[in-house]
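Two complexes follow with subunit A in common, the first pairing it with subunit B and the second with subunit C.
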Partner chain A sequence: MTAARPQRLQDYAPLVFPALMLTVFFVVPFGIMVAISFFRRVQGAFYEPDFVFDNYARFLSAFFGQVLGFSLVLATLVALVAVTIAFPFTFLLARLPRRWQVVWLVALLSIVSLSEVIVGFAWSTLFSRTAGVTNILVALGLMSEPMSLSPSFGALLTGLSYHAFPYTVLVLYPALARLDPTLMEAARTLGASPPRAFLTVVVPALRNTILATMIMVFVFALGSYLLPQLLGRPSNWTLSVLITDQAIYQSNLPFAAAMAVFLVLVSLALVGLSLLVGRKEAAQ
Partner chain B sequence: MTRPNNGVSRRTILAGGAAGLAALGMPTILRAADKTLKVGVYGGFFKDSFDKHIFPEFTKATGIAVESIAEPTGEAWLVQLSQAARAGVAPADVSMMSQTALLKGAAGELWAPLDLAKMKNTASLVERFVNKYPDGRVAGIGAVSWYITLVTNTKVFPEAPTSWAALWDPANKDKLGLLALVSNSFLLEVTAATFFGGTQALDDEAGQLKAFEKLAEVKPNVKLWYRDEAQFEQALKSGEIPMGQYYHDVTGLAAADGHPVRSTFPKEGGILDSGSWAVSRASKALDEAHVFIDYMCQPQIQALMSRKVGTSPTVRRDLLDLTDAEFAAVSSDIPPIVPRYDLYLSRADWLNQKWTEMIVG
Partner chain C sequence: MTGLVLDNITKRFGSVAAVDRVNLSVPDGSFVCLLGPSGCGKTTLLRMIAGLEEPSEGRILVGGADVTRTPAHQRDFGMVFQSLALFPHLSVGENIAYPLRIRNVAKAEQARRVEELLALVRLPGFGERPVSKLSGGQRQRVAIARALALQPRLFLLDEPLSALDAKLREAMQVELRQLQQRLGITTVVVTHDQREAMTMADLVVVMNEGRIRQSAPPVDIYRRPADTFVADFIGITNLIKARRGAGDTVLVPGGTLVGIALPTEEATISVRPEDVRLVPPHAAAITGRVDFVRDLGASIEIYVEADGQRIVAVASPRERPDLQPGAPVGLALPADACVVLGA
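Right, the complex of A and B next:
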């Protein structure tokens, strides 16, 4: 399919509205943030307009590097877990009768309506010693006494993956619903078992969709700052938690802005890199 | 409600208690009074309680109507006040400010100096509740105060601990819930008071580093560094996290509701945090502001606040008609640990960096 190349100025008209929205709601706020990140922090007061690199200099330390590294690893793991569970789930969902699909999608949407706070509290209760799931294991005789599973890295990863799951399904759903069913049928006719057909035909066919979804979940998890506080130990706090601390509790907006700019740049770079790798593979 | 100093949203349980107290609470009606005073109070529980129990009485007694204004959390209100003052405007005449915010405002000459001679009731105040500029002018007057104490679950700890040193006890591994920020937990002060003879040990950097080093020993005992009060309160009640630091008044309310929790004033003292009244220099109602602050310093009003709002009185105990039980519900005779607010002004970033590295690293 080839679209006609735009010839005249008014052919660009459809772009005006999106461009305007992008400018108002992304470019301008981000520009303000970049500007503030160069302002001078006045301790004991607020900040003054200036052009200094102090805020970035403070960030460039082993400590913050470690926190940034942890945040990136965590977001990557969440993306992997969420997509690994959501992809087969959505594949099966798209093959259900229409009525059941609607029921499932409504259920997923209702999870999306839960705030992060409720999700965090629910999981910390489920992982608690006094009221949590380990009590069931004790009742079944599988464990000798209940134990607390939260706060911990595992609890945090579970909470974040749970929170990202509905979004992941909703992003994957259109692609999987539109997937040509004859692909599977052809593979089955050639003798592949259903799991094998799924892994060798469906997954590769939707490689780009999977990559795009993972990037979305990655970015989603990277911005999370509530669940790490509710379900993680301090060593599991993401950079977003420290940004919140600086912005809200320390009134240090320049430093918070510098950290946020850095986080945006690093994640943009990673997203760009993975797209580049994806395109190269596709070209081969 | 929000604790003025930490910006953390306040527990719903206290709000529930207040709602019960004022089941048929009357709406604030601005009476046709000659004068109006705009008073900034922390939004939520504080504002609701003041609107119900305190401001109507004040208007009745003085004829000055109060227009209460809900202050936003954090230091946003300080920023708004100082920017407005530059333009000669006062969004509120009198504001309740956290101690750190009060110091920051004083550094920028934001507060109109107050005249103690016009406020005879200030003579009843405990001395620490008169905030002064470095040159001795009065910048603010204590409005409310409250304690953070050592709390325990009574089922897990049948015996109440007697000292903050219990936080360091290796037997309490993975059992503590502590506040997550250097500027709202005041644990450096607790460390200094418990092991180094008092908060003056934090005067210099060497002393601060020593306190950090000692405090780092607590880390293995800490299960939760909390910002959200509800999270710790829930875990304390269930025994999931059976020991920690928490607000004395709310713990008392929870115990009264039958939860197995207790609040103990350790022998080193509870942490006494407070909010102060301060008047914007742009205010044109300085005289009315003096009348208001004077009114609020009366022992019977402080007692009323202790009973209805749960705050600790700012006036000397011998002037109060609180019973022992009522006094114990909000305060203690053990000398308190008073936070080193000056440090959170002059060394804010350094302390924050060291603190974050300590608990995250």
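Right, the complex of A and C next:
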């Protein structure tokens, strides 16, 4: 069934408000950013209107290419880690009694309310030599002496995945709560052990949800600029860190804008690509 | 010998017993219907047989072996769910092949079995179709084929036909019964539809409030109900309050019956409407007035009011009695059609 096509001008009325909001809060700021990315920077001052490609040209270097590559790999890894942990977690959560589900969801929401700064400092303390988790391992006799785990790539990946986890659960929750519980039961009566039933029925049946959630976490991680500085080495800094650096500390808004535009385009391309791959697989 | 034996099966949820000390023996190759109103524990009982719920007490034996603590995936039973539970991400053929894939059956053998099963449920050539493109009846057949793929020892169905429209449901009842007879597989079906149970079953098990009220072949259930619940639940019946009278007579509202023995001072007599005969009022055992006439075309139901008791009689259109509401009428209740039940 398809709805009747809009005939008159009034029929488009419901679109006015969302269109207005999108224009004011998304299209206009992004347009300004695109415009600025072509402006010319004035040394010692700010910038002046122009139409030059200098900012993009400067970006096309091995250094920035490497940072971009690293940012994309990091965001992909965070998406994989967060969804891999959050999916079984949410599956079990959705099967708890209602009362316990509420307790867990409230706890997760309270983690969401923590700022990135607090999350970053908490993890850097946990990974420190003097007060960190290695002290527990030493006390248990599993390590000879405490060591510092931060800053490092592992610490950064952990912090980002932790930060993304509650969002991931909240995005997965509706789909997993709606999932017909008899699908698992049917798989079990057909000879699949519970873990096997989970992997052969629940995961593939929700692969579109999983893909969409991964894209969300990917974009989420791509925008992170505080955690890389708190938990990572300079070599682990993402493009977002460099954009912040250029925009705020170097006062080079045109270059920062150019990098931001590039980052948006590349991530849009990747998201589009993964949707395309997902659709092709679904069609097969 | 793959008969099913339920030995004192009880399932408690908190303090409520959903299934209460159920004992049942199902002979090998027979078709059993668990019948009862919603909430009577029939689905819980089926889920325990399938291994999806664990009984609080009692044992489940299949072919003499105790399977009470065997996990569902090791029981080798085929089950069709009320929701059908077809896997939405798999095609028809992949759905049916799923249990074979789990058992690591060779690909060629899988394909051969799928073709065989599709032919069995009369859906040849449907293997490539997505499940979402099927009609209700076709989805039903796919679920049945998938449940039968491993040649299960026991075939379990939970309200399998409830989602179908009335006509298709009747056709599928017959088809399911024929399929079961062809395969000779021990089958347990849960249903709340007594027509369904009467059509398909060798043995009808009527349940209420977690207990078995009667288990017998369909005709016996209908003709010889064990208690008022069964009499009332299966088909339409007249439940008439009776009291011992002088000699061997029985007093009922509107008259007196002879030839019936009441075990107690008071009891309930069950008479099917088709056994109630309309006779002229002057010579009748029971007299009353016509309350309402319901002409259904194929049959005519006459509601008679006899001293505060409603008695329904069914007449065929050929003997069309010319009765108007309010007219006096006599009723005859043949003694052999009256089933005496406890008070």
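Before moving on, here are some points about what is shown:
The working rule: the second predicted complex is superposed on the first by the 272 of 284 C-alpha atoms of A that agree within 3 Å, B and C clash if a C-alpha of one lies under 4 Å from a C-alpha of the other, contacts with A are read in each partner's own complex, and residues count from 1 in each chain.
As a working rule, contacts are C-beta pairs under 8 Å (C-beta built on N, C-alpha and C of every residue); 3 or more make two chains touch, one makes a residue touch a chain.
Bear in mind that the values here come from a model prediction, so they are computed numbers and not experimental data.
Superposition model on subunit A: subunit B and subunit C are shown accommodated side by side without a clash. In the superposition on chain A, the chain among subunit B and subunit C reaching more residues of subunit A is B.
Contacts of A:187 after superposition on the shared chain: subunit C is touched, whereas subunit B is not. Taking Cα centres throughout, subunit A sits at the apex of an angle toward subunit B and subunit C that amounts to 150 degrees, reported as a multiple of 10. When the two structures are aligned on the shared chain, A:204 is found in touch with subunit C, with no touch to subunit B. Contact with subunit C, but none with subunit B, is seen for A:196 once the two complexes are overlaid on the shared chain. Of the two partner chains, subunit B is the only one that A:230 touches; subunit C does not reach it. This overlay, made by fitting chain A, leaves subunit B and subunit C with a least C-alpha separation of 46 Å. Overlap of the subunit B and subunit C contact sets on subunit A: empty, with no shared residue. Against subunit A, in their complex, subunit B makes its touches with residues 6-7, 74-75, 79, 103-104, 107-108, 180-181, 183-184, 223-228, 231, 234-235, 238-240, 345-346, 348-349, 352-353, 356-357, 359-361.
Those residues of subunit C lying in contact with subunit A across their complex are 50-52, 71-79, 81-83, 85, 87-90, 98-99, 101-103, 146-147, 149-150, 156. Chain contact summary for the complex, subunit A toward subunit C: residues 180, 182-183, 185-194, 196-197, 200-201, 204-205, 207. Interface of subunit A with subunit B (complex): residues 41, 43-46, 58, 63, 67, 121, 124, 128-131, 148, 151, 229-230, 233-235, 237, 242, 245, 248-252.
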